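What follows is a pair of complexes built around chain A, which joins chain B in one and chain C in the other.
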Partner chain A sequence: MSQPDPLRRCIVQLSRLPGVGERTAARYAYWLLRQPPAVAEELGQAILTLSASMTRCSVCCDVAAQDPCRRCADPDRDDGLICVVERPQDITAIERSGEFRGRFHVLDGAISPMEGVGPDQLTVRQLLARLSGGAREVLVATDPDVEGDATALYLARLIKPLGLRVTRLAHGIAVGTELEYADRSSVARALEHRREL
Partner chain B sequence: MRLRGLTVTDWRNAARAEVDADARLVVLHGENAQGKTNLLEAVWLLATLRSFREGRASRLIREGAAEARITGELLGQDGPRRLEWRRQPDSRELRIDGQLIHQLGPWFAQLRAVLFCPEHTQIVRGDPEARRAFLDRAAFTARPAHLELVTDYGRVLKQKAALLRERRADPDQLATWDAELVRLGAKLAVRRQQVLDELEGPFAEAHGAIVGAGPAPRLELRGVGAAARDEAEVAGRFAELLARAAPEERRRAQPLCGPHRDDLLLHLEGRDARRFASQGQARALVLALKLAEVEAARRRGQRPLFLLDDLTSELDRGRMERLVRRLDTLPGQVWITTTDPAWLGPLPGEDTALVRVSGGVATRGPAPSRPSGGPLVYEPTSA
Partner chain C sequence: MTSHPRGPVGGLRCLVLSRQDHGEADRIVRLLSAERGRSTAIARSARRAGARFGAALEPLSLVELGLRARAHSMDVLEHVELVEPHLRLRDDLDRLTQAAHAAEVCGGLAREEHPEPRLFGLCQTALLVLDAATAAPGLAFRLGLEAKALTFAGLLAPLDRCAICGRPAQAEDEAPWLLTAAEGAALHAACGSSGTTCSASFLIELEAARRRPLQDSLDLDLPAGPRWALAERVEAQLNRPLRARALLGDAPCPVQV
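On to the complex of A and B.
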């Protein structure tokens, strides 16, 4: 057997990242080769620490460095409002707006029987368990696709009978997009969810 | 609307072909297997991004080539535009006037087309699926957003089917998928009925124009979407039907009702054309349906292209002549492929492009001329 080639190994491992093809992986590997060793060391450490020290928050099911996570531990957030998202990254999107001061819940996907994903594969039970703690409203921010819509409807079906308000994140024309340039399905959604003035 | 020029590169088995199509009527003629239908398919693909034949990428791209390319020079109400479609083994690129586009809305807004090919007699004589596909295709041509509705409804249906196959389907989840099915299904049914209402008059009229006087054929949608003109009413009806079918659906582990089971009935002389129409009657009915689509589009202010594949032995002489006269009155450009233009009978001499296709190469010949009162004369074209 020939000697394993470290460059080749690095390229192959990098190309396993989502959205990274072999050519991009090669670019990264050659770039790393040209940097001082500290750069690769820092990157390697960051990756190692990630899998070793990240855990899941037992309250909101987000990935976190501590349990409960810093958002769940924050006393200034509104316990009455829980925003449900499909993925941890979606939290960042909502946080960036600076408009939301409630709590979060990460579902870990959306209901899709075709892929064998039902409520038991998601964190639905954990969500329901949280609701007795003073929640008034659940804002469902799942994706605006067939599975995301069905998941929202399913949650509403379970949660509404508990006397809580269930809302859905509005979808429609992007802010900054002029109506004439908006795509068809965004306009259709916006029309469907138009509101009273 | 007119497609003035069509260029295909490494498309199917053609290395390169250019069609000068600046005419109201474009007749692609030549022996079989010379590439006529490939060119018509290229036009259809520009309009719909779908093939009407084998659509696998490996078959679209000429063997040994890296990508297939189709370019159309369009002349519409907004002036000239250039549509470009490129297909690599696992990706696709669309450009309008050189600008890469990512959303399909603007693309579909450029070019609409209605297609007739011999296999479409299946719409009359085949399974209900062929008739639903016809209706959905017509609804898409009218309003491209219909495509998303059909896709979403189909996806919800598949999800529900998958859930029913699970050993103990969660009733709350089943109710959720049913609610989505009802919401999308009611919309789907209403849109289909709307298209049907738009087709009805033009269909009877076009049929009369082809076959001559006689009782007008009728169209009728059967199933949960029958006479669906009010979304809330259809939704109520559909939900009731689902509730009744629920035990049977669970037992058989498959969804049993919804607009995906509806059928379009064609009545001809008081009889069910699905069962009684002859091959000739079926052809005339399908041609009338397609002509009705073009006419309905005209009433909406659209001027789609009408593409007719292999118009050779479809109709007897008298009906063919009447059809060609009818084609000359349509609002948009007409493309025909045929082995022999003589089959078509007298062609309008003005604004007609006779394009000979041989070995994948297209050559436009002189327009047909007709000495006064004499037969139509085709100038021989040398490739």
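On to the complex of A and C.
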């Protein structure tokens, strides 16, 4: 059997990345061919060491280079406030706001009856185990969609009886958009969550 | 993919069955409509902030859309108007799971790019009823929905009589009956050997659930019997397990404090 063409092999592998189709993968592959060999070597090395050097934080379930991760090890963060997110990338979005100094918990997805994903496939058990450690508020920052809403409600029903405050990221009309063009769901949410001025 | 001719299609009322991220910012949506049955379309840039589709492409929403039908590739969504988001479903995981199950069953049994007014109407009714309900529905609702959907797809024989000898099931029957997932039929024990054993009264109630309007089954339970036989019939047709089934068990809260 002949070896597959290295260029073809590279395109096939690159097109496995999320959001990368075959055309984009081919563009990447041709770009790599035009670079000095060190560029491809560094890229390959970075990918190789990624899975070997990254782990799961045993506290917040985020992907991290060390366990516990640097956020969980940071003594200056508020232990009483835990922000629950669906994915590790969501932590970056919250951190970028500069408004949050609490702890995080990564659920690793959201409850989705449409996809057959139930609570036992998420890190809900680990979250519940953390709550006895002095938490006073759980901020549920799941996406404002069907799955995120269902997950938030499910968590609220589990956590509220423990005497903790459960909050949700506000949702409604996005900053910078015009009311006239907002969709019906967003306006309904904005009305529901209106606040006192 | 569509076999329809090219061109714009407007005012198409659809239920969004599911959506899947595609490429950097696109979304592929599976739809169910009376006119076109099950279909798939691509919503370009739907995941970008401020996208024109907004929240209209959420699963279980009723929408009115315009699309550009293409002969040999996926239809492209041009605009989407949200008609009914069924937002109250999100308040209750049990009702949401039942709604997801209804969409999966009706959407799964609907033919691709063929008119399916009855399956569309059934799904639309199920979502409306569940959205307005204040508690999780009883077993008769789910089994009634599955029985109706299988009937509309031509996959279920009458359940209150033996499919072979025609003998009607009677509540006082002591001999067991069989419900077969493979054939979607009820059999008198003397007429068959394969299938799940059940009582005649279960079959009579199941047939009644199939015939009565869905909303009238909301609070009803059924006598003990094979709870999953009709779901298995649907699964056999789809050639895969129903995704929502794992969450439809008797325990509504798999993770306990």
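The rule is short, and it goes like this: the second predicted complex is superposed on the first by the 188 of 197 C-alpha atoms of A that agree within 3 Å, B and C clash if a C-alpha of one lies under 4 Å from a C-alpha of the other, contacts with A are read in each partner's own complex, and residues count from 1 in each chain.
Operating definition for what follows: a residue touches a chain if its C-beta (ideal position, glycine included) is under 8 Å from a C-beta of that chain, and two chains touch if they have at least 3 such contacts.
If you're wondering where the values come from, they're calculated on a predicted model, not measured in any experiment.
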item	value
Touching partner for A:Ala174 - first (chain B), second (chain C), both, neither	second
Which superposed partner A:Arg194 touches (first chain B, second chain C, both, neither)	neither
Touching partner for A:Val146 - first (chain B), second (chain C), both, neither	both
Contacts of A:Ser185 with chain B and chain C, given as first, second, both or neither	both
Which superposed partner A:Gly19 touches (first chain B, second chain C, both, neither)	second
Most chain A residues touched (candidates chain B, chain C)	C
Contacts of A:Gly118 with chain B and chain C, given as first, second, both or neither	both
Overlapping contact positions on chain A, where the chain C interface meets the chain B interface	111-114, 118-119, 146, 149-150, 153-154, 157-158, 183-185, 188
Residue ranges of chain A in contact with chain B within the complex	111-114, 118-119, 146-147, 149-150, 153-154, 157-158, 183-185, 188
Contact set on chain C toward chain A in their complex	17-18, 21, 23-24, 49-50, 54-56, 58-60, 82, 85, 87, 89-93, 96-97, 99-101, 103-104, 241-247, 253-255, 257
Complex contacts: residues of chain A adjacent to chain C	18-19, 21, 111-116, 118-120, 124-125, 128, 144-146, 149-150, 153-154, 157-158, 161-162, 174, 176-177, 182-186, 188
Complex contact set, residues of chain B against chain A	103, 105, 144-145, 148, 152, 155-156, 158-160, 162-163, 165-166, 170, 172-173, 175-177, 179-180
